[in-house]
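Below is one structure; the comments refer to it alone.
Per-chain numbering from 1; labels A, B, C and D assigned in written order.
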C-alpha cells in the first residue's frame, strides 16, 4: 500500500498491492466466495488473470495510460475555498471523480475490468445497474473495447432512470428490465449472476462495486485505489500535510475503498457515509454499518452486513440516491468497521439535499446525490477542526445525471411544467 | 503563437501571445468594436486589464492552475482506434473538451474571464446563453468566485432547455427569459448588452464565444487557446508528428479558435464545420462561412459575415444543435475564411445524428450535437488520408446534456413514454 | 466414510427401479395447503425422494419459474419456521426421504448448527445449498456429519475431474450433477456430450449420482437410465401444476418412467 | 468646421425658445399611416426636430418600449426602402428638420455612401447611429460632410472630458448627451449631478447640446432650460400613444413646455 516513490516514471504511484487488510478472499470474518459450483472455474480464471495483472507492473501502467487518455486521470483535487470560509474550520478539499468520463468513479473500475476481459480473450460483458451509472460506464467500456454488452436493471429502475437506459442503448448495449423480486438493484445482480452461470465461457461479469464473491471486492478496490493514490500525492502537494479526515459515501463501497486506499497506513481518520434515508429511527434507510438494523449474512456471493430480517430475507431499503440504496456492503469495509479503521455515519435524504444546495452555490460543484452524503458528514465535522487541518471529500460523481430526482427533491414547479409541456408535445 | 519550449515549469506551453492574425481590434476586414458610447470606458478598462494579464506570464500560470485544479486540464487526446479501423484511413484522435467541468470547452473561457473580473474588482457577471451551456458555465464560475450572476436566455430557449435553467438557478444565478425579438440566442445577447450598458460599473459581461466587440474575440480565443496548445503537444507525443488536419465545429467560433490556435504556424489544414441544418439548399441552416447565404454586416458589436437579408435584418437560422444556431461568427474566422487559412464546411442535422450514433457505438464517446458536426466532416475525409496520417477532432462538449433533443432526433418511443408517465405523476 | 441414510435408501431403491425420481417444490407456493397436496400427489405417483425449497429473497441459481415461486411464497408470508413445520409434517406423513434445498443465508442466519439440529429433529435427511461451495462449508459439513444428514454437493460440466474428486471426498448422500450451464428451468439437450459428462461424474465419486436441470419428460428420463441413478425433475412439475392444475401432476410424474 | 444646416436651425430656434424639443418615432409602428399622423400631431404641437428610427432586428441600445416597436414594425413588413420613402414624405410635408436614427448595419448593408446619398435626396438632415463610435465611422463622417448632413454623436456620463473633446471634433449638428447609463425608456433623476454633467458637455463642445433618455414631462424639460439646448423625448411619446391614443399626443407634447 505504499507508493513507490522511487519509480520515476510512476507519476501517480502504484496501486495497493499487499497488506492483509485488503487481500481476499477474506477480510476478517467477511468476504469469501459463495458461488454456484458452475462458476468455480470461471472465478478461478478471473482470480488468476487478476493476480497476474496485479503482479505485472506494466499492467498498472497500461491501466493508468488508458485512464489518462480516455478518461481524465489524474482527476483534480479542488480546494473549496468558499466552503472552507463558510464553515470556518478545516480546509476542505474535494477529490473530483465527477470529472471522469461518464461522470463518476465507476469508470475506473469498468475500464480496469475491460483490460482484464481483453486479456482473458472474452468477447461479452454483462453488468447489473441500479441508478444506471455503472450500466452506462460498462456499456461505454464495451463500446470502446468492441465487446457485446448486456445490462441488467430492475424494471422499477428502468422506468425511473430512462435517460441512462437511453444512453446504454445508444452505446449498443442490450438493457434487460428485470421483472423479478423487488425489481431494483439487488434483483439485477441476481439476474446478472444467472446470465453469468449460463455464459461464462464468452462472458465476463463486470461487477460494479467492491462487493460480490472474491476476487471482486479486492479487484474493484484495486482499480479504484487510483483515487486514493492520486489524492494522497495531491494533498501533500497542495496542503503540505496529510488530511485529518477523508470522507466518502458508501453504497457498495467502491469509491470509499478507492480513496481510503491512499491513507490506510497513515494517521488519517477515514469516514464512510451511508444512506440514512428518512432517518435511522424510521427503518427506511440503507445503513448497513452505521445502524443497528443490519446483521451478518451471506448473499449475492459474499459474507457481510446485510439489511435483512431475523430469518435472512433481505429487507427493502430506501434512499433518495439510487446508488446507495443497496442491502449489502463491501466485506472489506465490514471488516474495517470491526477493526475500527473506518468510522461509519449516515446522512438523511434531507441533509443530502441541503449539502447539495450548499456545494452548488458555494463552489459551483454539483455532486451526485450519492457523493452528497459524504459532503453532509464533512460539513458537520469541518467546524470542529482547526484551520490548519485539511479534510478531503470524495466527490464520486456528478449530479446532473440526477436531474429528475433532484428536481423532484426541490419540488421545482418550472421543471414540472416543462415535463408536462413536453409530454403534451409527444401526445400530439 | 509558438510554445515556449524552454520554460521548464510551463508544461503545457504558453497561450497565443502575438501574431497579427489573432490580435484585434481588426482581423483583416472583420472585427472592430461597434458599441454604444456608454460602454467605451468599460471596454477600455477590459482591454487594458486583458492586455496586462496577457503580458503577465504569472497570469497564464494562474489560469492553468485554476483549470487543472478545478476543471481537469489538460484534457486528454484520445486515440479512437475503432473509428480509425472503421474508416480505414487516417488515425483519428479526439481532443476531449467534453471532460471539462460543466461538460464543454465553455469552462475555459468563463474561468479565464472570472480571473479578470477578480482583477477588475467587479462583483457581478452577466451572460447570454442559447442552449444553456455557457449559462451553466458562467453561473458555475460565479458560484466558485462568489459573484452575483444574471443569465439572459431567450424565452423559447428557457422553455426547451429547462434542465440547464434548473441548474443555473441552483447555482444561484437569476435567469431572465428574454421575451423580445425571436426570443433565442441573439436576442439574449442584445438583452445582456442592455444590462451591461446599465450596470457596467459593477458588472462584467462574460461573452460566451469569440464574437462581439473587441477585445472579446481575441480574449475568448486567448483563453480557449489552451486547447490547441495541449493538443499540439499531445499529438506529437502520441503520434510523433503533426496532424494532417484538425476539425472543429463553428458556432461563434470559440472552440475552433481554441484548437486551431495550436496549429496556425504549422503545415496543418484547419477545417471549421458549421450547422448545415436541413441542408444548405433549403436556406434553413446556420452556415455563415460555408454557404452563399450570408454577407458582411455589423451587429452585436462587431463586423463579420451574418445571415441577414439584403437590407441588413438578421434572418432566422436553424440547427438541431442550439449552440451552433447563431447568425454571426467570429471575425477572426471570417478573416481566416478570406485568407484561406481555414476551410469551412457544413454538416446537416441528419449527418450529425449519424456521426453521433457511430462515435457512441464505436468509442463510447457521446459528443455534444455541436461537436458532432466536426465528427461528420472528419468521418467524410478520414478515408481519403493514408494510415500514417493523423487527424484531430475537437470534441467541444459532451452530449448527455442534449438528451431531450437527441431522444427526439432518434424519435425514441421509450423516452416519450417515460416523459408522459412522469408528466402524469406530476399531474397527480 | 460412513454411508448416510440417503445413500442407503438410494441403493435399496435402485435394486427395485432402473432409475429413481427426485422432485422439487417451493414450500408455501402457492400456499402450504397446496404444497402438501403436491407432495401427496407426487408420492402417490411414485416419486422416490423430494427437495423442499425454503424460499429465499435472492435465489441466484434459480431460473424464472422457481424464482417466481420463491417470491410469491415469501410475499404470502412464508417463514423459515413455517417451512420447518411443513417439513415435519411431510416427513411424518410420507415415507420417502426429504431434503431441504435453500441458499446459505437461511442456514447461516439461523446458525448452521442450530439449523442442522432443526433439520434432523424434523426428519429431514439432507440439504442442497447451491451457493455454498465445499470450501466455505466446513462447519456445515461437520454439523451434517454429526447428525448423519447428507450434505449434497454439486458437479457441473465445468467442474474439472480433479475438483470432482475433491468434492466427492466431502459429499454425502449423492452428488447432484447439473446437466448444463445456466439456471434451473431451461432446456437441456440430452446428448452424447451429456453421457460423457455423466461417465466422468461416475468415475469421480462412489456415491450415487443424480442428474438435474432440464429433465422434463419420459424421453429425458429414459435417456438417463444406466447413466445416472436419479433423475431430478424441478421446474417442469411446477409448470405442470401452474398450467394444467394439480390433477395433471400425478399422471405427469407417473408418466416419466415406464 | 462649417456649421451644418441643423446647427444653424437650432441656433435660430433658440432665439425664439428657451429650449427646443426633439421627438422620436419608429417608422412603420404600428403602421406608416399612423406614423404619418404622429408626425403631423407632433409638428402641430410645436416640436422642433424629429428622429425617425429605421427599425433593426438587433437594437442593442433600446429599452423595451422602442425595442418592441422595432420588432412590430419589422413583423408588419417594414423595409428600409419604406422608411426612406416615408422620410421623403414628411420632409416634404413638414418644415422641421428630420434625422434618421438607426443601427450601423442598415447603413453598412446599403453601402454607407449610397445610404447617405439617399438620405440627402430624401431631405433628411442628419443621423444618429448609436452603435457607431467615431473610431469606426470615418467613411460615414466623410460622406455626411460631403452632403452637408449632420452625423450626431453621443456623450455619456461615462465619457471622459478628454474623449468628449475628441468626439466634439468630429461631431456635426449637435451632440446627443445621454442622461444616464442604460437603455432608452427608463427613469432618469434630474439632479445636480445631471447639471454638472451638462456643464461639462457644454465645455467640451461648441455645438448645441441635446439631452435625452428619460425626459418625460414638463418638469424634466423645465429642469433642462438653460442647461441644454434641446430636450429629447423618445419613449414617453410612444407610451402616450400606446396608452392614451393618438389624440392625447398633441396635448402631451404641447404641455412639455410653458
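Everything that follows uses one rule, which is that a residue touches a chain if its C-beta (ideal position, glycine included) is under 8 Å from a C-beta of that chain, and two chains touch if they have at least 3 such contacts.
The model shown is predicted, which means the values in this text are computed figures rather than measured ones.
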Relative to chain A, chain with the most remote C-alpha centre: D
Euclidean distance of C-alpha centroids - chain B vs chain D, Å: 38
Distance from chain C to chain A - Cα centre to Cα centre, in angstrom: 38
Averaged-CA centre spacing for the pair chain C and chain B, given as whole angstrom: 66
Centroid distance [mean C-alpha coordinates] between chain D and chain C, Å: 98
Chain contact topology (line, ring, star, complete or other): line
Interchain contacts, given as pairs of chains that touch: A-B, A-C, B-D
Footprint of chain C on chain A - complex, ascending: 32-42, 180-181, 186, 190, 193-194, 197-201, 295-301, 303, 306, 308, 310-314
Sites on chain D touched by chain B in the complex: 56-64, 67-68, 71, 74, 79-81, 103-106, 108-110, 130-133, 135-136, 153-156, 158-160, 163, 167, 178, 181-183, 186
Chain A-facing residues of chain B, complex: 68-72, 75-79, 82, 96, 99-101, 103, 139-144, 146, 159, 162-163, 165-167, 170-172, 238, 357, 360-364, 366, 400-401, 403-404, 406-407, 410, 412, 414-416, 418-424, 426-427
